[in-house]
Structures are given as C-alpha cells and as structure tokens.
Amino acid sequence: MIAKILTRGHQRRVLPGFGLSLGVSLTFVSLVLLLPLTSLVGQLSTLSLSQYVFLITDPRVMASYGVTLLAAAVAALFNAVFGLLMAWVLVRYEFPGKRLVDALMDLPFALPTAVAGVTLATLYSSSGWMGGLLAPLGIDIAYTWVGIALAMAFTSIPFVVRTVQPVLEDLPAEVDEAAVTLGAADGHAFRRVLLPYLWPALVTGTGLAFVRSLGEFGAVIFIAGGKPYETEITSLMIFVKLQEYDYAGASAVASIVLATSLMLLLIINLWQGRFIKRLHGGRP
Amino acid sequence: MVRIGDAPGVRRTLIVAALVLSALFLLLPLVAIFAQALMSGLDVYWQNLSDQYTLAAIGLTLLVTLLTVPVNLVFGVFLAWLVTRFTFPGRRLLQTLIDIPFAVSPVVAGLVYLLLYGRNGWLGGWLDAHDIQIMFAWPGIVLVTIFVTCPFVARELIPLMQAQGAREEEAAVTLGASGWTIFRRVTLPKIRHALLYGVILTNARAVGEFGAVSVVAGAIRGQTNTLPLQVEQLYQDYNTVGAFTSASLLAMLALLTLAAKAALEWRAARRETAT
Amino acid sequence: MNIRIAGVDKRYGRARALEPIDLDIQDGELIGLLGPSGSGKTTLLRIVAGLEQADSGSIHFGERDVTQVHVRDRRIGFVFQHYALFRHMSVFDNVAFGLNALPRRERPSSDQIRSRVMQLLEMVRLTDFASRYPAQLSGGQQQRVSLARALALKPDVLLLDEPFGALDAKVRQELRRWLRHLHGELGFTSLFVTHDQEEALELSDRVVVMSDGRVEQIATPDTLYRRPSNRFVFEFLGEVNRLEGDVARGVLTCGDARLSVPGIDDGRHELLLRPHEIRLSDQPSHGAHLPVSVSAVVPVGAEVRLELEADWLGEPWQASVGHAEFDRLDIRRGRRLYAVVSQIHRFDASRPQTLMLEPAI
C-alpha cells in the first residue's frame, strides 16, 4: 500500500517532501508508539482469559478503579465550574493583574507533576498551611480520596479554561446584544443563549480533564498515601505490581486503563464532530 | 457596550471569586515550594543545591532534555508537513495515533517500554546478549521521555499550518525553489513562533516527566535519578528542605516556561492588531 | 410611538463619534440614517436602542424618558446586520425567545406563545421552516426570522442596523419592498441604518444624512435629492460631474468651453451637475459651447451610460441617454458631440444655489 501511495504521489503532488516526511513519520510512529504498545498486547497474549479476568477483578484492583473514577469525576466537575468561571472572568472583565492570572492558568502544565505532588501533600498534611487550618474543622484531605481529587483537579485545570476561553473570545457581541434586546435577564440569557454556545468546548474540556485525571500519577501518589482499598489509584496499582515484578498483573490492569482512556477520547471526538456538524447546517 | 453579566455587582462577585480560587489553588502551591525550600535559610538552600546527587540529577535531566527535544522537533516538523500539505489514506489515523501519549497514563507508558526492552522483554534477550543496558539506565529514560513528549511540537504546528494553507509553498514551487529552500525561506518564517512554543512545551514536559521515568529508571542514586525522581527520593527520606530545593529549580523552570509562553502570545496578539 | 432625541452626543476616548444631535421622529414614521462608514449613524442607532450610552442628552419614547433605561426594558426590537440568530435554536425557538424570557407573571401560556410565533412566521412566510436551524436557511430567510423575532414582543420601536447589508442585490430588493409593506401594515415606528443611498431613498419617509458624527440634512427623499442643503449631501446622494472655470459677466469659460450662467458673480467657481442633467447634441446650443468626445459606452437596461472627455475637463463626465437618443445621435466611442446642461448646482456661496439653464427636451 505504501508503494502505491508513493507512486501515485509522483503524478499528483505539487509540493516536495512527501516520501521523506512519510518515511520519517511512519518510522517514528512505528518505533516509538506502536512497537512498545504491541509489546503490551504480546504480554497479554500469554495470559488465558480466566487468568486475565482474575487479574483485573482482584478486589484490591477493583477498589482502585472505584477511587480513581470517583476522584477523577469530582476533579473534572470541579474544573468544569472553576474553568468556566476563569474563562469567563478572563475574557469578559478587566481587572488589575489579569495578565498574570491568565499566565498562572498554565502553571499545572508547566510544573512537573512530582513537584505538584509533594507540594500539595505538604500543604494539605495536618501540619501544612492548609491542612493545619482544616484539621481543627475535622476535614482531612491528605490520605483521603478528597486529596486525590484535589491533586487531579490541580493538574487538569488548564483543560477547561483553555478550551472555553477561545470560544468565548470569538463569540460576537451581537449574541449578547440580541438576547438583551429581546428582554432576557442575565441568568436566562446565560443559560439559554451563552451556555449552549460554550457547551461543546466545556464538555470537551471537562472530558479531557477527566481522561487526564484517570491517568495522573506523580501529582496524586504523595497526597494519596496509598492505603490499600482506600486511597490506591489504578496507576499506583500498576506501579506496585511492577515493583513486585508481576509484569502480567501490571499489563492486565494497564490494558484496562489504556482501553478506557482511548475509548473516552474517541467518544469525545465523535461527540464533538456531531455537535459541530449540527451547528453548521447538518440535520440535527 | 451592553454585555450579559456586566452589572457591577455580578462583575465584582465573579472577579473576586476567580481571584480567591486561583490564589488558593495555583498561587499558594507555587509560593509554598519556595517557602519550603528556603525554610532553613539560604545557606542550607545552596548546600542542598550543590549536593553531589542533586548535581548528578541536574546533569541527567539536561542530558535527557538535550536528546529528547531535537528528536521530537524534527519528527514534529516532518509529521506536520506530511499531514497538512498532502492528503493520503490513513492521514486521520496518523493524527489520532500521535495523540496516544496524551491519553495514556505515564505509568502505562513506562510499562510498555519495560515490556519491550526489559530483561524478559521482546528485545531484552538480544540486548542482554550484546551487553546493552537500556532499562534502568539513561537510554530508557530518554526513550520514554521521547514517547511522552512526542505530540507537543506536532500539535502546535498542525492547526496553524492547516489554517495557513499551502498557497505560498505552491507559489514557491512554481518559481522553481527546491524543497529545502521552500521550507527554510517560506514555511519556517510563518511557523517560527508555534515551533518555538512547541519546543518550550516539549522541554517543560521532558524535564518534569515523572511517572514514566520512575518505572524505567530504577532510581539508582547519582546514576539514574532525574530531578523529579530526586525530589521524590528526598521527600520519601523526610528531607523536606532538600526535596523542595530541587523542586524549586523545577518550579523556576515552569515560571520561565509561562513567561516565554506569555511573551510569545503577547507578540502574536500585537502583530495581529498591527495588521 | 414618537421618539425625541435631544442633544445626544458620544465620544470614544478623545475621538468624537457623535456631535450633539436633535431628532424628532413621528409615530409610525420610517426613518433612514444614511452616511458613509464612520459617520456615526450606527452609534446613534445603538444609543437609541440602549446598546450604547450617550455622554449627554436625552431620549424619549413618547412621554417616557428612556435615557437611563436598560436596553432590556426599553421595549425595542433590534435587527442586526448579520442576523444574530441563536444558531443552536430552531427558527421557532428563536422567534419564541423573547416571549419565553418574560418574567413568569407576564409570560403567556405555551399555547399562546405557540400561536403568536406561528402567526409571526406566517407573516414572514416561513411557516414551513419552524423546526429548521438557522444554518439551514439562506441569508434572506435568516433576516426574516430575525425580523419576526424582533417583532414578537410587539416593540414600540423597531431598529435595524444595515438590515440588508449582507444580502445579495436581488434578495435585498425583495426584502426592501417587503419591509416597506410590513411597515405600512403594522405601523410601528422604525429607524434603520444604511450606507446605500438608493435603499435610504426608496424606503424612508425621511432620511437623516450624516457624516463625521454630524447631521448634514434631515428631509424627505424627494427634497433631499432636489434641494440638498450642502455639497456633502449632493455628492453622497448620487453621481456628480464637476465643472471648474472663470466666470465673467455671466459666462463661464474653461479652455475652449463656454457656458452662460446668468446670475453668478464674477470669479473662479466650481459648479456641480448630475449625469441626468446633461443632454447631448450634434451642435452647440445658444447658451452652451461644451465640445466633448465619447470615451466609453455602457448600455445598462433602459439607458446607455456614457463617459465624456474633453481637454477642458479635469476628470471625465458621466452622462446617460435613452436608446432612441443614442441611435439618433449615432453615438459610439470617439464620437464628437456637444453637451447641453439643463441645471447646475453651486455650493460655494453662503447657501446652496440651483440654476435652471436650458430645459431638457
């Protein structure tokens, strides 16, 4: 097939470099991405189905799915609200220090996750600045799923802000004005008019934040504490199994994590495609 | 101008809420890093910084970054050129594949490399026989870092090059320019900023990768510790000041990254208003 | 509902967008705001709507002072140049939006809303499109939806910002006639912005001509065309030919051209005339010796447009003749003829002056 693509290219392609860039890209993708992923499939193929099911339904692993899903869902929902608020404030209002706040939004992507992890663990431990404030109120964050959700939320803050922000910026002033000239109060206009415009970006951003949170490792492990059945996330389960040289078990659990993430990404992409099609003239 | 939500009360409430929350969730951790690092004074900070294991970790981190960034730069440019300048069957699939590292948990990334190159892996036996060590050594760290950071440059370039279209390159072809000349004289000037931004992001992630690296590094002090692993190890040893000293280096790099990004965006915005 | 605009002005930073403006609009009147871009017409419209705040002055709708009233409470309908339909809502939901946004006490029942919306859609002849989305409609259809939406709340005042500016010529014609008709039927007071003089003259009861944030003239289309109050209005409202020369004892001389202009004082003058005020002949007339040669011939429908050149002209004149005249004079490129002028205008005196010269045949 590659040979066919290449020869057809000679007749039609105007710009040079097709063969070279195709060659480099395919080589890279095969060696760096596909080959290692196939090794996972290879490892799994040594397992029988019952062994595989046994490994992925181990009670401790099952508990880790629960914690991971719960914390990631809470983190994603928090970010949906917080991200929408930040995008709104950064686009719609002027205030001193706005440029700094805007730049600060990217901190979680720029800051290594391990640094975020130890920092949050320190801040929210019972002797830390925040933990010390909350402990007398009976609120424990470190070593609970709340702490895990907090760390996940921190690392995925930019997703919602940065997907909603450009959409809000590009929204013509006429949309607001049309709603207002028709007499709509702020709340009604926001819910019925603006939110639907932002909806695709908001859902995409929240979805991406959720996927990222499911796989987050460095930021979470320090604040989680890793108590079996309670604060062990799935990534940590894989890590623990690897340290015990249980490659089969690690691979089995990893396959679940990988499949979940890829499926979610696919769903987000498909959903986004359908939504956009409707707004641009496809039948609803 | 009449906009939804521009009543003074609404505006003030939302701004205050946004500022308080960002201070709490973003600024406070940033401040905490430096506060913890300097808790015992500047002397201790310098002492921690010049610790031989910390210096070794800095060295290894630099090595990994210096190897990773150019590889992904070259790959990103070729891939972006390929998918934005030509149509061919499988183009969408290729674009989807390149997103995999974004979706995969870094631990899983480390795992698949371990399965491939580890002692019991597919290539492990052959590597062992030839006495080549990849896992639990710096080449393994470089490989997983390349994996984890490979989408960044391409992801910055593809939307931009798609939007720009191929008209100018086609014009250059009609004027008889060679491929390299077209890229250097026509394409490169248009994508310079996106390329730089992609490199900055790749760099930030390469320096800071933790999950994937911790799987393949084996954490031998002074040999396979990158800076983030060093942070972890010191933290586990209850050497909080030491951990945050290394963390503060990474945090400074993060701040530099943010500043560079802001500067690039500011220049782009200024150019846009100028035209 | 009559509208009274008194001393309204607006600045953006140091730039003056609108000089203080007074304008009284009668109940049921259709007023066109006409001017080039940057003339302040849209700013004035948006101030009347309440989308912008004037720096000073007042606006009354009937007896009600609305100067400080928020746009949402002014009871206006506003039609945007690019329709501004809500793209995620069906045509029905777009038109129903204003009714649904009413506070619960004032909101009609959903049956009442339904019948009101269908009645509006019938009026704009889009009943069959109720469940479509805006992206599935043509530009003209979208603008009709936008009109129905603006009229749903029975506004006191309808404001339209370049309502037909984004449509192609044929649809624009159609919608114009339709709006005129609708206005006659429903009798709302309305104010619309346009930069197209033909549109303003065809639609409006009265036209407000603006430039540089100032009102140049407020008049009926007929008066505006026949008796422009200044040079700007004259030039903006149609094509203009210029004739510059020295006048001595009632005769203007310019190279080998002569034109008798009784009543104009001696000195150098610039006189203006419209294309239809020029007639062509194969010999000079009693009062005019204006030799020209035809440099371009463009047949456009019922008339033929000509471009005339001469040594004594700075820039060519535009003229138009009927087909009969065209054949009779055997007009073609390079043909030498004489221009005869029926009317001429001057704006360099203290007040504008129109001179009747030779009656058109």
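Think of it as A, B and C in the order they're written, each chain with its own count starting at 1.
The criterion applied here is as follows: a contact is a pair of C-beta atoms (placed from the backbone, for glycine too) under 8 Å apart; a residue touches a chain by one contact, two chains touch by 3 or more.
What you are looking at is a predicted structure, and each value in this text was computed from that prediction instead of being measured.
Here the chain-to-chain distance from chain A to chain C, counted in touching steps, is 1. More C-beta pairs in contact connect the chains of A-B than those of the other pair, out of A-B and B-C. Each chain gets a centre from its C-alpha atoms; the one nearest the centre of all protein C-alpha atoms is A. Centroids built from CA atoms put chain C at 55 Å from chain A. In whole angstrom, the spacing between the mean C-alpha positions of chain A and chain B is 16.
For the pair chain B and chain C, the distance between C-alpha centroids works out to 58 Å. In chain A, 177, 179-180, 189, 193 are the positions where the chain touches two or more neighbouring chains simultaneously.
Shown for chain B are the residues in touch with two or more other chains, namely 1-2. Among all residues of chain C, those that touch two or more other chains are 51, 71.
Looking at the complex, you find that chain A touches chain C at residues 172, 174-175, 177-185, 188-189, 192-193, 196-197, 199, 278-281, 283-284.
The touching residues of chain C, counted against chain A in their complex, run 49, 51, 71-73, 76-78, 80, 82, 84-89, 97-98, 100-103, 133, 135-136, 149-150, 152-153. The touching residues of chain C, counted against chain B in their complex, run 50-52, 70-71. Those residues of chain A whose C-beta lies close enough to touch chain B in the complex are 1, 5, 9, 13-18, 20-22, 24-25, 28-29, 32-37, 39-40, 42-43, 82, 85-86, 88-90, 92-93, 95, 97, 99, 101-123, 128-130, 153-154, 157, 173, 176-177, 179-180, 186, 189-190, 193-194, 211-212, 214-218, 222, 234-236, 238-239, 242, 247, 250-251, 254, 257-258, 261-262, 264-265. On the chain B side of its complex with chain A, the touching residues are 1-7, 10-11, 14-15, 17-19, 21-22, 25-30, 32-33, 36, 74-75, 78-79, 81-82, 85-86, 88-89, 94, 97-116, 118, 120-122, 143, 146-147, 150, 166, 169-170, 173, 178-179, 182-183, 201, 204, 207-211, 214-215, 227-229, 231-232, 235, 240, 243-244, 247, 250-251, 253-255, 257-259, 261-262.
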